[in-house]
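Chain naming follows the written order as A, B, C, D, E, F, G and H, and within any one chain the residues start at number 1.
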Amino acid sequence: MEKQEMLALLEQVQQGALTPEQALLQMKLQPFQDLGYAKVDHHRGLRQGAQEVIYGAGKTAEQIDGILTAMESRDATDIIVTRMNQQSADYVAQRHPMDYDPMSRLGIVHPTGKITAPGYIAVVSGGTSDMAVCEEAARTAIAMGNKVERLYDVGVAGLHRLLSKLDVLMQARVVIAVAGMEGALASVVGGLVDCPVIAVPTSVGYGANFNGLSALLSMLNSCASGVSVVNIDNGFGAGYLASMINHMGGSDQ
Amino acid sequence: MEKQEMLALLEQVQQGALTPEQALLQMKLQPFQDLGYAKVDHHRGLRQGAQEVIYGAGKTAEQIDGILTAMESRDATDIIVTRMNQQSADYVAQRHPMDYDPMSRLGIVHPTGKITAPGYIAVVSGGTSDMAVCEEAARTAIAMGNKVERLYDVGVAGLHRLLSKLDVLMQARVVIAVAGMEGALASVVGGLVDCPVIAVPTSVGYGANFNGLSALLSMLNSCASGVSVVNIDNGFGAGYLASMINHMGGSDQ
Amino acid sequence: MEKQEMLALLEQVQQGALTPEQALLQMKLQPFQDLGYAKVDHHRGLRQGAQEVIYGAGKTAEQIDGILTAMESRDATDIIVTRMNQQSADYVAQRHPMDYDPMSRLGIVHPTGKITAPGYIAVVSGGTSDMAVCEEAARTAIAMGNKVERLYDVGVAGLHRLLSKLDVLMQARVVIAVAGMEGALASVVGGLVDCPVIAVPTSVGYGANFNGLSALLSMLNSCASGVSVVNIDNGFGAGYLASMINHMGGSDQ
Amino acid sequence: MEKQEMLALLEQVQQGALTPEQALLQMKLQPFQDLGYAKVDHHRGLRQGAQEVIYGAGKTAEQIDGILTAMESRDATDIIVTRMNQQSADYVAQRHPMDYDPMSRLGIVHPTGKITAPGYIAVVSGGTSDMAVCEEAARTAIAMGNKVERLYDVGVAGLHRLLSKLDVLMQARVVIAVAGMEGALASVVGGLVDCPVIAVPTSVGYGANFNGLSALLSMLNSCASGVSVVNIDNGFGAGYLASMINHMGGSDQ
Amino acid sequence: MEKQEMLALLEQVQQGALTPEQALLQMKLQPFQDLGYAKVDHHRGLRQGAQEVIYGAGKTAEQIDGILTAMESRDATDIIVTRMNQQSADYVAQRHPMDYDPMSRLGIVHPTGKITAPGYIAVVSGGTSDMAVCEEAARTAIAMGNKVERLYDVGVAGLHRLLSKLDVLMQARVVIAVAGMEGALASVVGGLVDCPVIAVPTSVGYGANFNGLSALLSMLNSCASGVSVVNIDNGFGAGYLASMINHMGGSDQ
Amino acid sequence: MEKQEMLALLEQVQQGALTPEQALLQMKLQPFQDLGYAKVDHHRGLRQGAQEVIYGAGKTAEQIDGILTAMESRDATDIIVTRMNQQSADYVAQRHPMDYDPMSRLGIVHPTGKITAPGYIAVVSGGTSDMAVCEEAARTAIAMGNKVERLYDVGVAGLHRLLSKLDVLMQARVVIAVAGMEGALASVVGGLVDCPVIAVPTSVGYGANFNGLSALLSMLNSCASGVSVVNIDNGFGAGYLASMINHMGGSDQ
Amino acid sequence: MEKQEMLALLEQVQQGALTPEQALLQMKLQPFQDLGYAKVDHHRGLRQGAQEVIYGAGKTAEQIDGILTAMESRDATDIIVTRMNQQSADYVAQRHPMDYDPMSRLGIVHPTGKITAPGYIAVVSGGTSDMAVCEEAARTAIAMGNKVERLYDVGVAGLHRLLSKLDVLMQARVVIAVAGMEGALASVVGGLVDCPVIAVPTSVGYGANFNGLSALLSMLNSCASGVSVVNIDNGFGAGYLASMINHMGGSDQ
Amino acid sequence: MEKQEMLALLEQVQQGALTPEQALLQMKLQPFQDLGYAKVDHHRGLRQGAQEVIYGAGKTAEQIDGILTAMESRDATDIIVTRMNQQSADYVAQRHPMDYDPMSRLGIVHPTGKITAPGYIAVVSGGTSDMAVCEEAARTAIAMGNKVERLYDVGVAGLHRLLSKLDVLMQARVVIAVAGMEGALASVVGGLVDCPVIAVPTSVGYGANFNGLSALLSMLNSCASGVSVVNIDNGFGAGYLASMINHMGGSDQ
């Protein structure tokens, strides 16, 4: 494909339609489109429904508003804004339609609620203290066009709670397992389901949790196959990856 | 589905075809089929082509042979044996048809070469020292019915080598990025492709690599979305998960 | 036992008292009672006197009040609420009879002071800075029906203080050793007594204590037999386990 | 008790049966009996059945033989020798009746098989690679007069195997949970039983296990109450502590 | 010596001056004086001039005042109060004569300025940011009767500053080397002097200092003989040990 | 050179122009000039244009002002003040001409803008969150007489942004690569350019970044030759070293 | 420059000297020459004298020989082979002229001894145990056309040895400081010289050196400006970077 | 003192007894004697009896022999050779009178057994596995002219053993406490004695000892005043420092 464009350009030079200098300039302006790179980005947006993400941390309300306004001009929907504090959210909400969740500090601007992937993603967690990370994962997935099932009180120390949700768990296409105090949840879930499990260690906890290091190591050592791990507290990353997997091989319509 | 069986069993009791004791016995013999559990396992096998794995580490050649013989009676094919040393491999190869790779110490018994998933998995690595882990990943994926493309000399310190393979990389359905000395590869690859990237840190390296810890941390901190990490040196786990994802949502025919 | 219930259910089906569908529903509703699981929980409550625990951290005063009200309807007594701040405690205390300790932030609701286990648990600590964790352990044990002896100023750097309490120490049925700056206490106590010693590392301290890691490692490396360790600052866990052990094999009457 | 002896001694001085110098000598010869210390040791031996332990690591076969011969003169039975290599075991076995296990390298000299505690201790492990540590724990407990149930293939990644042994697990008086690759086992078991659980992290494993550190941290962060942890690979310590707890509050006869 | 007392006691029993019960009580009241223990404590106080230390951290101004008042009744002088905040210091200063230093938060109550040891202790540091720890060390040593020389701007990165103070450094009887960003100072000083060097790592610094860990490790690895290390930020401990060494083998008069 | 001075001094003694005592005094006054040491310092200042640095952290506004006033009397220009807070900066700015940057908290007093080195230094970073460290590096280099090119939004996860600046990057004489979340940037840049790359890990980030440790380790393990690392967040050190290298072997005029 | 070539190519197309297809092929064959990339490589080789490096670790003698033969056909000289064992060296030495050093396991094939950079690089180390890393650094620098001065017995614990070599040290253009047991050397040297210092931590040492981690952290925390750090034991990297810096801004003739 | 020499030299120049060039040469030959440095070294040797140390690790038998022969020509006695293997020891013993200990691998050449310090040093350890480090410390101290008392089986887990040696312990002038599995020993000993305690963590142990890290941290956190720590396994350093302290303030005659 990119060869085609290159060839076209060269032919225009051959035919005198472009001077060599003009061709060179054009090549320099798009160095990586030449390599088929930027195209992919467009393709990504088309296919996944919600492609736009603004990392809110360290941005002012005004900056976020500015980026959103620019995006709106391109008719973007389901724009995710992560780690946005309440104050910024208030400012933004007055200017753009937004679904904001204070716990996870994640906002979805111009939310459509459109589902573009088959099946659902299950977000599983052992307690209530990991909820902010869970919601970041869940809402990211929702904004990206996925149906999400939340199973939030199913820790392995009370196995019956987890097992009583086995139906929901086993029909998921992807599972996100969020845990702070112990990574056991990822192992157990990984052994119960036969779909990919994305484990998210959280920094919640006390004692020898060491800001999530314990959960991280425990999850990495999971004996169950099909389990992989994202960074500590990275709910967004888990939701994004889960959506990517859930969109593989099909769409709902 | 499992409800159907339960119901059938109960109806047989109702109709007098089974005594309650007989029904109970049958339930006890399959305690987790009752929960829909074991079925999944069968389903998994049917769908993925190669479901059987023998963890060779710590097993004698005789033990491996014994398990294989049992499996053969069930017509199993593409049976993976991991971490099997040369001596055991020689013993096994005299008794079963096997494709054995000394570097990754992985054997595939009764290999069929059948491809059951659409697209291919790319296994990417920056140098030649991580090859054993790469091959464990690649051969696991192959045994499970996937086409695999190997890109083994494409480290980020010589970016042109990686970029010259952009075509192959960008058309993969899943990428496995294996790296020991630095996790940079996972970030860079994650930024180039729009499919899931499974990062495998390896313990290869010297200096401040600390048996793979550096690569692990670097990969976890990857800024690219769509990247998740498995345990250090866990080529098998990466191959298994990649196959799981690659089989999602479709088949070749 | 659970077989009995299953059998009874099946016999009811055989006899036409239940349709297969009704039996199936009942089985699905109690998946783990079938396995004898939930029963144990009841048994636990009956035997140990104080079975109810509310983890106060991250719960609002209103949430705690709500759970307590529900428990009161079941005549629960000696309900432990952990990590509850003063503000929540004030709110709760106006609505329920409660013994609250501001240092350990532990409250006992509907305290009965009943002793249900033989002998006593000794809580030992080297200084006064670990007192909050000590009290969490002590009060947990008390709420669960144990007599507790506190030995709080008996650090190993002034061995005579510890040895002067040898009588009390050596007659305990379980010892909880709490230490922040050094784990030496657990080793020394473990060598002096012949009952189980539960060591609790604390995050108190400065310098190379690294939030309790030093104490934790030191306690794990204790040469004395009979010593085991719980998580850093986990006074509740130590008190709970100590009570469990102290209730073994007998009661006071 | 020790006061009694002191008093008797003093009365003999008062009555002129002993000179002050004789009394002083006697006190100096038994400096810690005066503190009630050594007595405890005797009491321990009487009560627990098997009190003798020889740490074999770093001792020659001749040294072990020497200590055993001395012990035999005091009619000791069920003498535990830990970490003894095969060569030493062969030497010792020619001179003393011994039950030696090559895997755990633990020998029991003059084994009696006597059971002195009520109930049994369950030793649980997720795979076969932790077996050496399991056996060290199990055989220590046996030598100390406990009945032991072994559940060795019940890892949490295949939860049905563990749950199918629920009967055995739930009737244990103490559970020893041994795991290398992940500490999940301790959490799950701790949530299933209502007796003390002693967790033993093992150094077995690869990748980010870091010689048992991952399992250790995971076990410490266990959310289940009633779980405590001993040092990495310390099967002996777990067996010793389990026996101590199992002997509490009763005997079989 | 302690034998003498024991003998005296026994002789009093022999002579009927004490009943056996009275003798036993006396023995129980002073269990470790019997072992010569407490005497040492007295001896320590007599010899070192300033023996009294109050750890101020976690104590209220009232508690500190209370202890001081009790000590005053025994004519204690040069009483050290460590880690006392300004507010407590103000309260205490109104009630007792005190020399208080806000930077190190160390107060000396009833300061006498008496020098009881030969020679002087040099406190060396590379910059000004470690001054609080330096002063804690210096003032502890002063309160305990030592002359102190402060060399505070002599970091190894500007070696000439250190070398220009070589005279002062080389005549010290003990050197305390305080450093946060690098432990190099301890090595260099250790190579220049032939007296004991006590190294104090500090938590001051940024980047990869990791709260003093870097300085600690660097100091431990010092190639210079005669160097030992105390805990991070432990100025008091260094001053105390330096005084102990400086008082060895002589006094000024 | 220094030998010359020594010799001159000695000859003056020989000739009676100086008494031995006078010569000794002169030697003592300049102990390190004798070793050729202090000379270097002068040389350094002359050659590099901006030699003066005040470490602002822990200094009061008055102290900084005092040092600056002293320096002004020696006609110092381009004096760098690091880590100075806004309040101090306001105070200083009223008394001295200063270019102050609130983000990096670095001030340049008596800025001349003089360029004394050939070529330019490129400061590269992957995002905007590392900007404070970037600016500390950039402004340090500027104050020391270097031209600086800033490339601040060129993270490896979006490789096209970096590659589109290849021209600027490849013509730099030194590159400073600043990164928090991953060290990949240093590796990739190191592979693209053939000049020295100074990597600065930053403590910015979340999850398993562990205050910059991940970035530090990743940068150290960089496979690209020509890369070295300074301390976490040490923008000043990187700028200083880059200037040192950039000034090697030539000047602009 | 690269634009020139592109332009030339385009002009040839314009003039009909090349068809578009031929031009495209040429561009595809050199995808990164288009980006100015590969040129740099050539330039590097021309300028630095010895550009060729073969990483010997993990390569067989035959593989090394094969690469060397290929390089010889391009008249390469001063080819560096790193981490080559004696056996491989013997094999290679029979086929190519080589200067091999068994300690550092580094060979220089077709050594010319040509000096292409002004001044010299000083390699400094505190003892003899770090010699292998020192020699790897020194010989790498020599092969790349640098004069090298070795100062190998100048540890900071015996400062006089270092200071007696001050002349040599202070006239170096780059210093490589190699140290295992403590990083102090880098700080001290950094404070003495005004040229870039490249610090190489080594894994040599015992106790709390933790395979070079202590030296690494100490070096990173160096207070001296102008110091940067490469990976543990990375003598090659230090020599390479030092040569790069030493070649800046001039040549000998 | 050094001024005297300088003055003398200058006077010789003044008087024509030396030319300026001769004086300069003499100054250059002894650059640090001028600073009073080397003198100290001589003084050290005179005062401490045994000043000579050869670090045997990494030296060949021939090299050690060579150094010894050179030393003998200066009539050196009590020369310490550390970490010398048996083979080297055999070689050396044939050529020099030597007292060699295979366990600690420390030899004393030309041993005199002379005691030059008052009192004795106690070397204390908890078990027999740390004996090599203990003996390195003890023999170093002996070679340097100290009387040494060994207390090797006095671990804190059996406190009575330690307390029964209280007499010996409390009369020591310095105590060296060696421990691997736990640092408790240092704390307990530090609380019992009033002399300096030098703690030596050892790498002996298993489980969570992490090559001595646990013991190191535990010892650093010791609450007892008067305790400082040397590097892991550094018996020599402890013995050297203990001797230094023991020689303070007096001699035997």
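One rule holds in what follows: a residue touches a chain if its C-beta (ideal position, glycine included) is under 8 Å from a C-beta of that chain, and two chains touch if they have at least 3 such contacts.
Source: prediction; values computed, not measured.
Chain centres computed from CA atoms place A at the largest separation from chain H. More C-beta pairs in contact connect the chains of A-B than those of the other pair, out of A-B and F-H. Taking each chain's centre as the mean of its C-alpha atoms, chain C lies 61 Å from chain G. A straight line joining the Cα centres of chain B and chain G is 41 Å long. Centre-to-centre separation between chain A and chain G, using Cα means, comes to 42 Å.
Across the assembly, chain G contributes residues 35, 37, 163, 192, 207-208, 210, 213, 216, 220-222, 225, 231-232 that each touch 2 or more other chains.
Shown are all chain pairs that touch, namely A-B, A-C, A-D, A-F, A-G, B-C, B-D, B-F, B-G, C-D, C-E, C-H, D-E, D-H, E-F, E-G, E-H, F-G, F-H, G-H.
Against chain G, in their complex, chain B makes its touches with residues 128-129, 160, 163-164, 206-208, 210.
Those residues of chain G whose C-beta lies close enough to touch chain E in the complex are 126-127, 155-159, 181-184, 187-188, 190-192, 205, 207-210, 213-215, 217-218, 220-225. Contact residues on chain A toward chain G in their complex (touch as defined above): 3, 6-7, 10-11, 13-14, 16, 19-21, 23-24, 27-28, 31. Put simply, chain H touches chain E in their complex at residues 35-37, 40-41, 43-44, 53, 118, 163, 166-167, 170, 173, 192-196, 198, 216, 220-222, 225-232, 236-237, 240-241, 244-245, 248-250. Taken in their complex, chain B has these residues touching chain D: 31-32, 37-38, 57-58, 203, 211-213, 216, 231-234.
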